[in-house]
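Look for chain A in each of the two complexes below; its partner is chain B in the first and chain C in the second.
Here is the complex of A and B:
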């Protein structure tokens, strides 16, 4: 069995599972945020109306909660949702609630690794499609809707069809101008937005061994954009070191068997990769950055679970140091801990000297909700993960998805720019 | 189950157009319905009638995990979405929450069915009758567990 099959077999109490088997698995961790939380609460209310008595949940210790989509409160409804969520966590004894404005808080998928909320070998589900992100820690991580998460909160279990696994073998080290974002955009361009539908995307090979944990998280994050159920990377010494830095050393790693089966193996040579951009209106609509050098921009956005981790900010700072931005540019670190590290390293000063506005962690503009949405016909280069019509604002705005290096270089020139071409 | 068709000749209809991001803060199902399909078809709420079906291409419902998407369609009156394929979270949200039936159709049925056609879906016989065009299309039966959850009326009513 491969790593995903072994985790699902363990969690379903079976000695072996195969792709296509439908199993009820025990869940180790579950996450809700200020959108899916109120959604789950609405399901609870519906169940109570239908006569179900709900006075406790399955295990409050295994549940954690974030406020990220509509914070800082975008309006009265959003403010009320946070109150609703807070009352819910109090009522059911959930203590791991990362509250906006009270120390550590941030985007759920960032906190999942930054706070070591999810460990290798675990089954982790979240009320958000990019829950896949945390698979980079060697866990089975998949997104669910409100009804399913409500079911997990009450029963500690949920059904999954054991997925087929597509294995992406990356050979060699990524060139210095290429980031994990370029690689995953290239992969999505090759297989399409339904290329991994219902499947797991596993990444391995020397390119992954060489890659930092944060960069690996960018890969698994965007498996969602290929339709994948989950993305996963086998844990190694880098994973262990990352967790140890966060005070966690005890967990049960799972690794695939030597004869593990994969539906298909794709190979990529890292040295052949180039800065890559997804044009509107789909993450699969890719082009090399150099072919888009005539695209004029209104805004550069560096934010989200995909593109505002510490290393993303370091990449942006490398470009912006001693330069000025030509278009409005926003940097929103993905968690307060990252914001603070960026401050301690002097990155925020570099951003502000370049003329950039630095904002608090939020999903806001990435999902077109608030905190800097796009006007009609505006064009944005963004380190986020989706560029469907209306994703970041007006339905006739345009988003080009790019790496932090490309987004920063483009901020300097006002056009889509390969970082190698920056003077 | 009988209904008439609203057709979108389009693949990859994503959750950002089915129910745009700014409305994610809303959890009143009837309120969500007012914004269904707003990113793709501003007139959707004017043309949709209770019991209607949506017909679309590949990978319907791709993108976010927002259950708002099937909820908004369901509370607009949509009883089933007929598509060549579905994105996984939309599919399980539709089934587990008992909001609407996600029915996989083949390329032939997809190209044959027109806007406004009156269809009758029979999930026992696994076929769709196009009453307007006097044709029958075969549909893929639901996987065993999915069929049982649908029959039970959603995941919470299903006893494993």
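Here is the complex of A and C:
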């Protein structure tokens, strides 16, 4: 069995499972945020009206909650939703509530690894499609709809059809101008936005062993954009070190067997990868950055769970140090802990000196919520993960998805720019 | 949840691939927390001009498809964000069934939780449905789609079929086992007590 099959077998109490089997698994962790939380509460309300008594949930210790999509409160309704969420966590005794503006807070998928909320070998589900992200820690991580999350909150279990696994073997080390974002955009361009529908995308090979944990998280984050059920990477020493830095050393790692089966194996040579950009209006609509050097931009957005981790900010700072941005540029670190580290390392000063606006941790404009959304016909280069029509604002705005290096280089020139071409 | 047995209606042909949930229900409506009332915002950017008047060339605004209960769409319908609001909006608008060659996974599951039937058919059959001009009937019990010219059978997992036919959602299915759950909880509580 491969790692995904072994995790699902363990969690369903079976000695072996195969792709296509339907298994009823015990969930280790579940996450809701300020969009899915109110959705789940709506499901609870409906059940109560139908006569069901809901005075407790399955296990408040295994549930964690974030405020990230519409914070700082974008308007009255968003503010009300946060109150609703707070009342909910109080009522059911959920203590791991990362409240905006209090202690640690930030984007759910970032806190999942930054706070070591999800550990290798676990089954983790969340009320958000990018829950896949945390599979980079060696867990089975998948997004669910509100009704399914409500079900897990009440019962601690959920069924899955064991997915087939597509294995992406990356050989060699990524060149210094290439980031994980370029690799995953290339892969999505190759297999399409439904290329992994109801499948697991697993990444391995020397390119992954060499890659940092944060960069790996960019790969699994965007498996969602290929329609994947989950994305996963086997834990290794880098995973262990990352968790140890966060004070966690006890967990049950799961690894695939030597004869693990994969539906298909794709191989990529890291040295052949180029800075890659997804053009409007789909993550599969890719092009090498150099071919887009005539695209004029109005804005650069550096934020989100996939593009504002500490290493993403370091990459941006590497480009912006001693330079000025030519277009409106925003940097929104993905969690307040990352914001502080960026401050300690002097990155924020580099950003401010370059003329960048630094904002608070929030999903912000990535989902078009607030904090710099786009006007009609505005063109943006963004380190986020989706560029559907209207995703970041007006339905006639345009978003080009790119790595932090490309986004920063483009901010300097005002056009889409390969970092190698920056003078 | 309203049981799904048979529906008969003209089908609305939405000739687009990779329709994502941002298009089905844009982000500005996600803040609403009740499950109803989303229908008026369905396909908001495609359906309305800035002043909320209807765009004439969008298929939902064609009077011919008013009161349609069946939506036809091309490959990979429902991709993108996991927002269940997408299904709530389709249902609230009046769609009870969606026919496509393929659906994004989370969206597909969300449909059954809300009494909406997603049907997968081959590209060839979908094309025939797109070309059909008369009403079509979907019979879930028989697993058929029929019109005056067509007769198609479709596959569905028995579990999903049962819950749609009976109008149960997953939670209602679980509640059918409420006695055994309570007994189990009782035993668990007692055993904890003994250990401490």
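Following the convention adopted for this analysis, the second predicted complex is superposed on the first by the 423 of 423 C-alpha atoms of A that agree within 3 Å, B and C clash if a C-alpha of one lies under 4 Å from a C-alpha of the other, contacts with A are read in each partner's own complex, and residues count from 1 in each chain.
Just so we're on the same page, a residue touches a chain if its C-beta (ideal position, glycine included) is under 8 Å from a C-beta of that chain, and two chains touch if they have at least 3 such contacts.
Keep in mind the model is a prediction, meaning the values are calculated, not measured.
Visitor: Quick one: chain B and chain C on chain A, clash or fit?
Guide: clash
Visitor: Considering only touches as defined above, state whether A:343 meets chain B (first), chain C (second), both or neither.
Guide: neither
Visitor: For A:229, select first, second, both or neither according to whether it touches chain B, chain C, the two together, or no partner.
Guide: Both chain B and chain C are touched by A:229.
Visitor: Let me test your reading of the model: by the given contact rule, A:145 touches which partner, first (chain B), second (chain C), both or neither?
Guide: both
Visitor: Return first, second, both or neither, reflecting whether A:83 touches chain B, chain C, both chains, or no partner chain.
Guide: neither
Visitor: Should A:352 be classified as contacting the first partner (chain B), the second (chain C), both, or neither?
Guide: In the superposed model, A:352 contacts neither chain B nor chain C.
Visitor: So, A:193: does it touch chain B (first), chain C (second), both, or neither?
Guide: both
Visitor: Going by the contact rule set out at the top, does A:24 touch chain B (first), chain C (second), both, or neither?
Guide: first
Visitor: Of the residues on chain A, which ones does chain B touch that chain C also touches?
Guide: 35-36, 38-39, 41-43, 47, 52, 69-70, 75, 77-78, 81, 127-129, 131, 143-148, 150-151, 193-194, 197-198, 227, 229, 282, 367-369, 386, 388-391, 395
Visitor: Over in the complex, which chain A residues touch chain C? Could you list them?
Guide: 35-36, 38-39, 41-43, 46-47, 50, 52, 69-70, 75, 77-78, 81, 84, 127-129, 131, 143-148, 150-151, 154-155, 193-194, 197-198, 227, 229, 282, 367-369, 386, 388-391, 395
Visitor: Write out the stretch or stretches of chain C touching chain A in their complex.
Guide: Listed in rising order, the residues are 18, 20, 22-23, 26-28, 30-35, 45, 75-76, 79-85, 87, 102, 104-107, 109-110, 113-114, 169-172, 174-175.
Visitor: Which residues of chain B touch chain A in their complex?
Guide: 12, 14, 16-17, 20-22, 24-27, 29, 39-40, 58-59, 62-68, 70, 85, 87-89, 92-93, 96-97, 143-145, 154-156, 160
Visitor: For chain A, which residues count as touching chain B in their complex?
Guide: 22, 24, 35-36, 38-39, 41-43, 47, 52, 69-70, 74-75, 77-78, 81, 127-129, 131, 143-148, 150-151, 159, 161, 193-194, 197-198, 227, 229, 282, 367-370, 373, 386, 388-391, 395
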